[in-house]
Each structure stands twice: as structure tokens, then as C-alpha cells.
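See the structures that follow.
Look for chain A in each of the two complexes below; its partner is chain B in the first and chain C in the second.
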Partner chain A sequence: MNQLQEQFISETKELILQATDDLMAVERFGFDAERIDRIFRAFHTLKGSAGVVDLPAMALVLHAAEDLLAAVKAKMRPVTTALVSEALQCLDQVSAWVDAFEARGALPPQAGERARDAALRLRALLSDNKKSSGTPDKSRPDWVAALIEQVPATDISAGPLLAVDYEPLPGCFFNGDDPLALIAAIPELLALSVEPRDPWPPLPDMDPFACNLRIRAIAAATREQFAGIFRLVPDQVEVFELAPTTAPAAAGPDVNGSGALLDNIIVCQIAMLDAAKAADDSYGRYGSAARAAANALRHFARDDLASEVEAALEAAFARQSASLVRDALRNVASGLAAPLEANDRETASPAASNRSLRIDEARIDSLFNLSGELIVAKNSLAHLSRLIEPVVGEGDLGRNIRAANETLDSLITEMHAAILQLRMVPLSQLFRSFPRVVRDLCLRLDKRAELTIQGGAAECDKKVVERLFEPLLHLVRNALDHGIEAPDERRESGKPELAHIALEAARAGDRLVLEVRDDGRGINPAAVRAKALERGLMPVAEIAALSDEDATQLIFSAGLSTAGAVTDISGRGVGMDVVRNTVEQLGGKIAVTSRLGVGTSVRLDLPINVAMSQIMVVAAGGQLFGLPMDLVSETVRLTPDRVSRIKNNRGFVLRNRIVPICSLAEVLDLTCQPADSQAPGLVIVVEVGGKIVALEVDAIHDRLDAVLKPMQGLLANAPAYSGTTMSADGRVLLVLDVRELFS
Partner chain B sequence: MTVRRGPGVIHVEGACGVEEAEILLQAVVEAPGAVIDWSACGRLHTAVVQVILAAKGPVRGPCGDPWLERWVARMARQ
Partner chain C sequence: MAAAENADRRRSVLIVDDSSLVRLYYHGALEKAGFAVEQAINGIEATEKVFAHNFDLLIVDINMPGMDGLSFVRDMRRRKEDIATLPILMITTEAGETDIVDARDAGVNYYLIKPVSEADLIRHVTALAGTPP
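Moving on, here comes the complex of A and B:
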């Protein structure tokens, strides 16, 4: 992949996102000249870049979409949901192709066929408007009639025929194209004509490497065969299906060469406008006449004259006067005799100035890993400096070592923070696709909802942002599918028909709080209880004892879906527990609050950095272990009288709650001498999955900032550990996965 | 060399790639009215066929490439 292609990929993605946003804004807020213009320019640039990196199929679709948008821009087409959907689909397709191009350096083989279909759909939207302009029926062009005479009658009745009109680009030989070789590959060729596209120049002036041919053929081939043969030149061929019998069509206008053709087109438009003097549909008529003329002029590189016609059209709209268009066309017709001035066809629009630097993610990751190693090295140096203190005493040397160590410590911490900053991305990247999700779902579910987004500027580690998409998508889908009521139902219950979904983010210290809120029907705790009972999630008594609030949290349990019917949008009952798992894997918490009839809010509390964790080093059974600090709520030194025995279990009372005590050594099956029952026990109170447990340990050592390395090799499947790091004195420290321990 | 000049005739022989188009064009320009003999040619690149069509001069012999003879020769002889 060369630099040009890389730039194409990143620029294209950016343009697609921007155009998607604008399209939806236009759909929602109605026609806005500035936005339409921006959308048009985005499509225009996309088309241009697709041409530059030689992806004709992509350019073909985008060209069709651009034409449609040009009509919108000229106010000849209203902005409809169908139109926006079609344009968005076009962007989806282009986006998928860009991904394919990025992965494999080429478009999928069926891209050409897809492109033609999509272009046809887009053009169909446009042609509704052109009914009055008298464009010929494209389903059977005139040349077919002449060519089909070459085909033996037996072959005509043989079955469906395809006709292809192949106009190779003038520069196609330089691309390595051999157009006749493509035609020779058509399996059942029945008729062929090879003609000069423009009249042959005098031989001495001829450029042997500029293709000036127009190849037309009829064959008894299938569309798939054609798609395969012309897959690299989809923008240069037009394929028509022919019925088994073909009546000769009327002869077309006698046109010699492009100049005459252009003249003819302009003259025809003037004639059409003259004929429409008294007609009531003249409004549409002069619009399409001007457009046809402008398109033709652009096609022949007379952009100057095309702009003149378009300006006249706008003026005509403003003053409701067709004569302005007619006059402009007359001017153009006479101006065509004038020589063509500087050919200032615009190339791709200049890239927006960009002060940011694109860096390969792998490089940042390697920098980040190095910084992690540096922290481990720093930890061991700190340990050494503590060891050496008693040896060197309180003199200058000891003080200097301590000072140097502190400086190093603060610098390394700062550097690590700076590197973490490199991995921070704004949440707006994550939120960006949600307006589209809500729009499409609303259309499918026949509901009305608006999405408001807040806090997109908050930043978070790239890994967190990447992994949050699926959970958030699920929450938003759930809100729309289960939470938001149908418009009728909302009206009956006195709510506005337009429902509201809020997606909000806020940073609180080193935590990120995300909230997905809807004003739908809320979660019925009774229904959740009934479902939990039916699925046997918990014993009856426990379910009954749950408060409404706690019962609502059961929606995060595996295998519980309260929707009556399973839809393909949500409701397979695998979603919410996956959401919770993902959030917990990221070191976060999730909670739901809901009021029946008023709405539901799901709150995600996440660390901003996943990369660095704070570890508490504890000793148990003669070994050291790391405990993630974010689970530790407090450490308590227990005197024996506070510990009470309940059967075989021990527990103690902490702020009016009974907390069970587990010995860490026992949980890990470590051999250990029986604890001295008289000695005060040291416990660490941890909160796991909404439950509180006190872990009994032998001692608590220091705290560490550590970068966890995942368990590898044989240890990869050890369930009780989430990773390893180095302790200050250079030993490997196993970090416990407390959730797994108690699951 | 697959474009060869004889007295009043230009022979196009063997398979001709795109680069032969320029050589053939030069030959045609320098010898106006010469007959193009393509009876010994193999596969011709479109660019070469284009020069033969544009020359509008007499063409001799059935084309050495049966596909071109079947589909394109008629247009070259017009």
C-alpha cells in the first residue's frame, strides 16, 4: 500500500463519517444549503479520490449519488427519507469497499455488479424528476436495433440476450487494458461493432496510444459472466438486457462527433422550452433542461458554460421566469463556437490542513510497553535504594540516592502519563455512529426517537473506547426496542410521541461515567422477578427478598430477557450479561435504575486507562500476590472478638452488614500453618459482583503501579489470575482475578 | 519486429503488443496507400487494431487471428 492509497483510506473514512452526519442532519432539520453543499462536496471528493486510486466501481456509485445530490442542491429534488437512505446505503457500500481495499488492496470481485445496481437505484430516484425532460428510454438504445440485424434469427429466439456498450477511456491502454481482448472473452458473442468514438483524425495527428473506440456487442451471456469480464472497467460499460425479439427502433438524430452532439443537446433543450410556453409544468421543464445542458457541457469539459447555465437556473427559480434559462442556453449555443479557454477542470479538492500527526498504532503500543518495563525497573531501583539506606547511613550519599530516585520516579511517572495521553481518543469517535443506528432502528421499528449526545469531548484510552462500542450499541438497541413505546402507546400515556434517548459521558477523576437513558416504559421489577423464577436463576426465597432496585439489576444475568418476543434487534437474552462482562473486564461497573412508565438509565463507570493498574501486594500462605486496588474497598484489622462463627464459616459485622471472611490461602489451596486464632486477623474487604467478601491475608506489603502482562503459555488458562507483573525486588508477582475466584 | 515493410505493403506478423501500434502508425503515415497484410498476424492488441481501422487503407488476406477475422475484419475492409 503506497502513501497515496493510505491517505485515500484515512481521508475517505473521514469524509464518509462527515457526510453521514450531515445527511442525517438534513433529514432531521430539513433543507440547509450549507449542509447540502458540504454533502455534495464530500461525495464529489470521494468520487475524485476513487478515480485517483483507480477504483472505478466505487467512482461509478459515487458519481450517481453525486448527480442525485446535485439535483437536491439545485432544489430539483426534495430531501426525502428514501433519498437519505439511498445515499447512506451508498456510503455504507463505499465504507465496506474501503475496508476491503485496506485489507486486501482490491475491491471484492462482485463490486462492479454491485456498483451498477446501486448506481441504477440512485439514478432511478433521479429519473422520477426527469419524466418531463424527454430523455430517451435507456432500456433499448437505438444502436441495438442496428446491431441486432447481424444476429442470426435462430440466435435471437434462443434466449435472453445482453447488449453491452463499452466505451474505453482514452487513457485505458496505459492502464494495461486491452478492450478487444475483453470482448473476445465473451462466451457467446453474436454481434459486434467497433467504431471510432470521435471521427478519426488525419493519420499524422493520430495518437496511437489514445483509445478512440466505442465497442458494442450483443451476446447470449449471463450478467454474471459480464460482471466477471468487465469487473475492472465497470465505469466504462453499460449493459442492457434484451427481450428475445427486438423490433427496429426509430433512428436517432444524425450526430457527427461530440461537438455536434453538444450543440444538438443544447438546441434540443431550447426547443423543448420553446414548446412549453403555455404548459403548466414548465417549472420542472426548465429545471431539467438546464440540468441536461449543464451535464452535457460538463461532460465535454466546458465547466465555464455549465456554471453559466446553472447560475441562470438559480436566477430563474428566484424570479419564476423560464426565459432566463432559455436566454442562457441561447448564449451558450452561440458561445460554443468560441474556442475553449483554459481547461480548469478541478481535480480532487485540496486536503484540509491538518496539524495532527498520524502514527501507526503499533509504534505507540511498543512505546507504551517500553514505558511499562521502565516502571518495573524503576520499582526495583526504589527497592534497592531502600535496602541501601541502612548501609550508607544518613549521610550525603544516602540522601542523594533518595533524591535521584525520587526525581527518576516522578519523571517516569510523568512520561508514562504522557504516553497514556497518546492513546487517548475522544468519545465522540465512539458516539458518532449512534445517530445513524437510532435513525435506522426507528425506521425499522416504526418508532420515533431523538438521540442527544453529551460529553463527546471526554477522552478515554483507545482500548476502552474500542471495546465499549458493542455494549453501548446493545444498550441503545435495547432502549429503542424494549424501552421506547410505539408512538400510539406514548400518546395514550400522555408522553410526547417523539421519544428521547440520551447518551452522556462525563469524566470524574480517573473514571469515566457513561449513561444511556431513555424515557420509555421502564423495567417492571415484577416481570424481571417472574422471568428469573421461570429460568431458575435464583431460589424463590432469594428472589422474593430482593428489593425492586436489586431485582432490576437481574437484567444483567445470563439468560434473562424480558421482551415477550425475540426480535433480530435485541432480545436473545445474551446481550445484557455480555454487556456487564465487557464492562467488568475493562475494570468498570454497571448499574441500572428504572422507573416504571418513566424510563430507564444504565450507568457505566469505567477507568479511563486500562493499561496501568494499581496493585496491592499481599502475602498469603507464604507467597506474595497482587490484588487490583479498584476492587478493594478497605482493609480492616480484626480482633478475635469481632469475628463470629456461623457453622463452618466466619464473618464479622461491618457497618451493620455481615461480611463473610475467606482465607486467601484456603481459597487458593495453599498449604499453610493454622492461623493463630489469637492474633488479630488482617482482612481486605473487596466488592465483587455486588457482594462483599473479606479476604484474610497474612500481611499487606506496598502498593504498585503496574502494567499487567497477560498470562501466557501453559498458564494462559489459569483461571484465578488476571496477569503478572514484577514486584519491586524483581520477583514475578501473580495478580489475582478476584471476580473469577468468587464466581 | 512484427511490423515489417515491403514494397507497397506493410506486413503485420505474429502477436503484436500495444507498443507496435506506434510503429505501425509510423509505417502507415510514411507509406500512404500501402496495403496492410495481416495474414500472418497472431493476437493483436486493441491499439494495433485501432491503427488498422483508422488507416482505412486496403487490407490483404484473411486475418491470421480467427477471432479478428470473424468479428473485426469486416470493419477493417469497409
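Moving on, here comes the complex of A and C:
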């Protein structure tokens, strides 16, 4: 992937997001010239860059969409849901292709076919309208000019002239089409070009039975003749009239046109004057140069400079001196350079307002790792400074060392925070695609809902934001699919037809609270209980003992919410256990509250950054291990009489619940002396995936704030450990991945 | 001054090309864009038309039977005031360095290489022939 392609990918993604936002705003709030223009320009730029990186299929679709939007811009075509849907679908397709291009450096093999279909759909929207507004003529595409060059310069009768673009479907041979015979049937064929529609694939991938041709021809035939020949494949053929049309449209001044053409024209005039050899054509030479230059200057709305040139021409006529015109043109050329630059700056300024620097994620990560190691180094200095105090006594030296350590400590902490800040992205990035999700789902489910988003400015670590998309998508989908009632049902129960889904984020200290709330029918705890019973999730007595609130939480258990199991229960559907797993992997918690008939709210409580973790240091089997604090619910010192044996397993009762006890040393296969069953055991109660387990350890040491280094090299595949860090005395500490340990 | 005289009418263009298809193609495109268009098949016919009409721009091919494009341009530049100073856009398949130098020497104001798309044609012609006020 070269730099150009990388630039293309990032720019395209940004443009797609922006155009999506604008399209939906236009659909919602109606025609807005500024927005439409922005959408149009986004598609235009997308098309252009697709051409630059040589993705013709992508350019084809975007070109069709651009034409459609041009019609919207010119108010020849109203903004309808159908139109917005087509445009959005086009963006989806492009976005999928960009992903494919990023991953494999090429579009999928069927891209050409897809592009054709999409372009046809878009063009259909356009031509429908054209019929109604009574302008059947399509502007002639660029290839017509190239094909015309093939026609020998013989005089042809001034009859009708048509250009045809015929792209047989890949499967046309199986439909009984014979493209060659069709082309051969065209009367008065003047020019023909046959080219591959998509670049030929490598030989092993080539399907000799698929037609990959684009056939273009110019012929002196009538539309009726064409219609007859191509009657069986009208969808694959486009016909353009070449005869002169009489629909004059005044060419206005090209104020927005690029200044490059103007520059070129002026420079050419100067060159032409410099090329003068004889004196007898001098008059025509500088006269035409001045006229051409003045025309161009006026066309580009530089009347001031045009007058300057015209004045020079008058003077040149009077004095018969070509050099006056030449000097004037030179002046103009140098004058053009400066104001044009100013123009460029003006157009660049909107981008500058959101000034940002793109940095490769890997660089930030390496900076982040370095700063993590710096913290570890600093921790050991703190340790040393405590050790040295009794040695040097209460003197200046001890105080200075302590002071220096404190300064270093605060600076490094600050620096670490600043680096963490680099990884922070606003949640608005995450929320951006949700209006689209809700819109599409509403159309599909025939429901009406409005999505409100709050707290998009809250920031969170990139890793967290990236992983949150899927769970949020699940929650929003479920809310719409199962929570929100159909409009008539809502009306009957006295609710407004337009349902409301809220997506809200708020920062609470170093936690992020996300809430997905709907005003739908709510979750019926009785139905959840019944389902849990049916699935044998828990013993009957336990289910019966659950409060309504606790019963509702059961929607997150794996047994209850797998594929389709709950769709008939009022409330949630598929994959809530997946949602919970993801949230827990991020070190977060999830909870649902619901009132029957009023609505449901799911709250996610997440750490803002995943990088810094609180570690509890424990000893087991003669070694030290780190245990992530966020999993530890409590530590309990057990007297032997509280431990009960069930066959080979041990357990104890904690607040009316039986908690199994596992020896950490045993789980890790560490050789150690058989546990002294008489000594009081020390257990750490951890909560993993909804289960509670007590880990027996030898001792609990201090807690520490640590940056986890991922396991590297040979150890990278050791599943029981999530990473390493360094303890205060400089020893490497393995941090346990408790979830893996018990999975 | 020429521009001021022409201010009250549509811009008018003469296409000089031996290919009737090319003429037809340019003619349609230019007329659609609001230009008055005349055609000539070579330099001889073009010279006649130039004296009979008031053009704002000549579009000239190089290779034409009868009188070729470059001879026509050289001849134009030595005519009387209004005709000698007509802007000339050369559109041709000759893409060599020497062809462009020859055209410049002859007094061509701008040079395009075929094929020229409709959009490009209109863009260049409107710039060189000027905008009606």
C-alpha cells in the first residue's frame, strides 16, 4: 500500500461519514442548498479519487450517484426516502469496497457487476425524473469523443447518429444472448470499440464463461432500429444521440472553475508571442493573444485584469508595438499567482478549523509502552528512596532524594496522562453511524422512532471505543426490534407513535457510563423467568426467589439469549450474552432496568482507559502473581470449619450462596506442598462471566497501579496470562487472565 | 474593443475539420452550451466563412485536404484587423512536440489533443471565446 492509497483510504472514509450525515439531515429536514452542495461535492471527490487510485468500478457507481445528486442540486429531482436510500446504499457499497481495498489492495472480483447494477439503479431514478421534466437528452459521455476519432474522415449523410454503450451481463451467454450477433446487426456501423469491462483477472481466476466486455459503437442508425436490435437486453444498453441538439444553455462565468486553465491560457499567449519570427503577422499575433487572454480573464471573472490587457492592446495598436501586449500579459501572469493563492487558502480554511495530525497508531502505542516502562522505573526509585532513608538519616540528602523523587513522580504521572490523552477519541465517532442504523431499521420494521444522542463529546480510549460498537449496535437493534412497538400498538396504548431511543454517554471520574434507553414495551420479568425455567438455567426455587429486577438481568445469561430464543418474549433478543462478555472484557459492567409498558434502559459502566490497571499482588505456590483488581469482589479469610467438601471439591457458603474454592497453585499446575487443611485459608472471591469463584492463595501483598505489557514472543500464546508488569522491587510480575483461567 | 462590439449577441464559433462526424459532435455540444456554430471542411471554406461572419473563436484541425490548418492560421494572422486577431483553438490528433511548436509559430492561441471530451471542449471554448455579458 503506497502513500497515495493510504491517503485515499482515510480521506474516503471521512467523506463517506460526512456524506452519510448530510444525506440523513437532508432527508429529515428537507432541501438545504448548502448541505446538498456538500453531498454533491463529497460524491464528486470520491469519484475523482477512485479514478486516481484506479478503481473503475467504484468510480462508475459514484459517477451515477453524482449525476443523480447534480439533478437534486439543480432542483430537478426532489429529495425522497428512496433517493436517500439509494445514495446511502451507494456509500455502503463504496465503504465495503474501501475496506476490501485496504485489506487486499483490490476490489472483490464481482465489483464490476455490482457497480453496474448500482449505477443502473441510480440512473433509473434519474431517468424517471427526466421523463417527467421533459428533457430526454442525456449528456454524452467522454468515450464518445474518443470513438469518433476512429471514424474515417469521409462525409456521411447528415442522418441521425447514435452512440451505443453495451455492457453484456457476465452471465449473458447462459441467457442465450449473443453480443457479437447483436453488434453485427447494427446498420451503418461507423466505429466500434471492444474492451474488458473489468481488468482481466489472473488466468487461474478467469471464468471463460463469463462475459467481461464493454462494447461501444457509433452508427448512423435510428433509435427505433437500436431498440429493435437490443430489445432483449435493454437494461444493458445505453444509447446517446450525436445529432446537434437545440437546447441552448447559456454558459455563465466560470467563477468556481480552477484557475489552472486561465493560467495555461495566459502562459500560452506569452509563448505564442515569443515564437514570433516574421513581422508581417505581428499585428494578428498580439491582437489575437490579447483577445484570447481578455476573454479568458473575463470568463474567470477577472474583469480588472481583462481591462488591463485590453488597454495594453489599444496602446499596442496605436504604437504598432507587440511588446506592450507581451508585458501586460506577463504582468497578468504574475498578478494571477498571488490572488489565486489567497483563494486556495480560503477554501482550505474549513479544514484547518478542525486541525489534526494523523499519526500511525503503532507510534503512539510505542510511546505509550515507553511511558509505561518509565512508570515502572519510577516505582523502583520510590522503593530505593524509602530504603535509603534509614541509612542517610534525617539529613538534607534524604530530604533531597525524597523531593527529587516526588517531582519525578508527578512529572511522569502527568506525562503518562498526556500520552493516554493521545489515545482518547470522542464517542461521537462511535455514535455517528447510529442515526443511520435506526433509520434503516425503522424502514425495515415499519416502525417510527427517533434517536437522540447525548454526550458525544465525552472521550474514551480508542480501544474501548472500537470494541463498543458491536455491543451498542446489538442494544440499539434490540431496542428497535423487540422494545419498540409497532405504531398502531403504540397508539392503542396511548403512547406517541414516534418512539424514542436515547443513546447517552457521561463521564464519571475515570468511568464512562453509557446508556441505551427506549420507551418501548419493557421486559416482562415473568416471561424471562419462564424462559429461564424452560432452559433449565437455574433451579426452580432460585428462579422463584429472584426479585423482578434480578430476573430481568437474566437476559444477559448465555443460555437465555442465544439465537432467537427470546424473540417471542417481550423485550430483548439475540446476543445479549455477547454484549455482556465484551463489556466485561473491557473491564466494565452491564445492567438493565425495565418497566413493563414504559421502557427499558441498559447501562454500561466502563473504564475510560484500558491501559492502566489496578493489580493485586498475591502469592501462590511460592511465586507472586498479579490479579486484576476489577474482578476481585472481596477477600475472605476462611477458618477450616467453614470449608465444606463435596466429593473432591471444596466450597464455602458466602451470604447464602455456595462458592467453589480453587487453589490458584493447582489451577496453574504449580508444584507445591499439599495444602494444610488445618490452617485458615485465604481466598479471593472473583466474579467471572456471572460465576463466582474463590481463589485460594498463600498470601496477599500490596496493590499497584500498573501498565500491562502484553505477553511477547514465546509467551504470547500462554492463555492464562494477560500480560506482565514489574513489581516495585523490579521483579517481573505475571498478571493472570482470570477469565481465561476459568473458561 | 472587439469584445465590446460583440457584447449583445451569442458567442459564435467556426469549426474547421474535414471529419463530418467531428464537426457534428462539436456542433451539437457547442450549440447545447449556447454558442452559435458554423462549420467548414477545410481552410479554403473557412476563409470564406470568416469573411462572411463575425466569429469569436475558430476551432481548427491540422490535417485537412485542400488547405491544411497551419497554412490557414498563418494566412489568418496576416489578414485585416478583425480577422487577424481572431483567437484560434487548434484541436488535432498530432500530439508531437514539433506539432505544438509549429502551431505556436503559426499563431495558434491554444492547443488541444484529440480526443477531447464534451466537457473539456466546452470548458476551453467558453474560456477562449469569452462569456457574453
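Just so it is clear, the second predicted complex is superposed on the first by the 392 of 743 C-alpha atoms of A that agree within 3 Å, B and C clash if a C-alpha of one lies under 4 Å from a C-alpha of the other, contacts with A are read in each partner's own complex, and residues count from 1 in each chain.
Convention: a contact is a pair of C-beta atoms (placed from the backbone, for glycine too) under 8 Å apart; a residue touches a chain by one contact, two chains touch by 3 or more.
This structure is a prediction, so every number in the text was calculated from the model and none was measured.
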Superposed model, chain A: greater residue contact from chain B or chain C: C
Touching partner for A:314 - first (chain B), second (chain C), both, neither: second
Partner chain(s) touched by A:142 [first = chain B, second = chain C, both, neither]: second
Partner chain(s) touched by A:367 [first = chain B, second = chain C, both, neither]: neither
Touching partner for A:203 - first (chain B), second (chain C), both, neither: first
Touching partner for A:179 - first (chain B), second (chain C), both, neither: first
Partner chain(s) touched by A:213 [first = chain B, second = chain C, both, neither]: first
Chain B versus chain C as contact partner of A:453, first or second or both or neither: neither
Partner chain in contact with A:192 - chain B first, chain C second, else both or neither: first
Contacts on chain A seen with chain B and repeated with chain C across the two complexes: none
Chain A to chain C touching residues, read off their complex: 139-140, 142, 144-149, 151-156, 158, 161, 190, 218, 242-254, 257, 261-262, 264-265, 268-269, 271-272, 275, 277, 280-281, 283-285, 287-292, 294-296, 298-300, 310, 313-314
Complex interface listing, chain A residues touching chain B: 168, 173, 177-181, 183-184, 189, 192-196, 200, 203-204, 206, 208-209, 211-213
Residue ranges of chain C in contact with chain A within the complex: 1-3, 10, 18-22, 24-25, 27-29, 31-35, 37, 56, 74, 76-79, 81, 83-88, 93, 101, 104-105, 107-111, 114-119, 121-124, 126-132
Interfacial residue positions of chain B with respect to chain A in the complex: 18, 21-22, 24-25, 28-29, 32, 43-47, 49-51, 53-56, 67-68, 71-72, 75
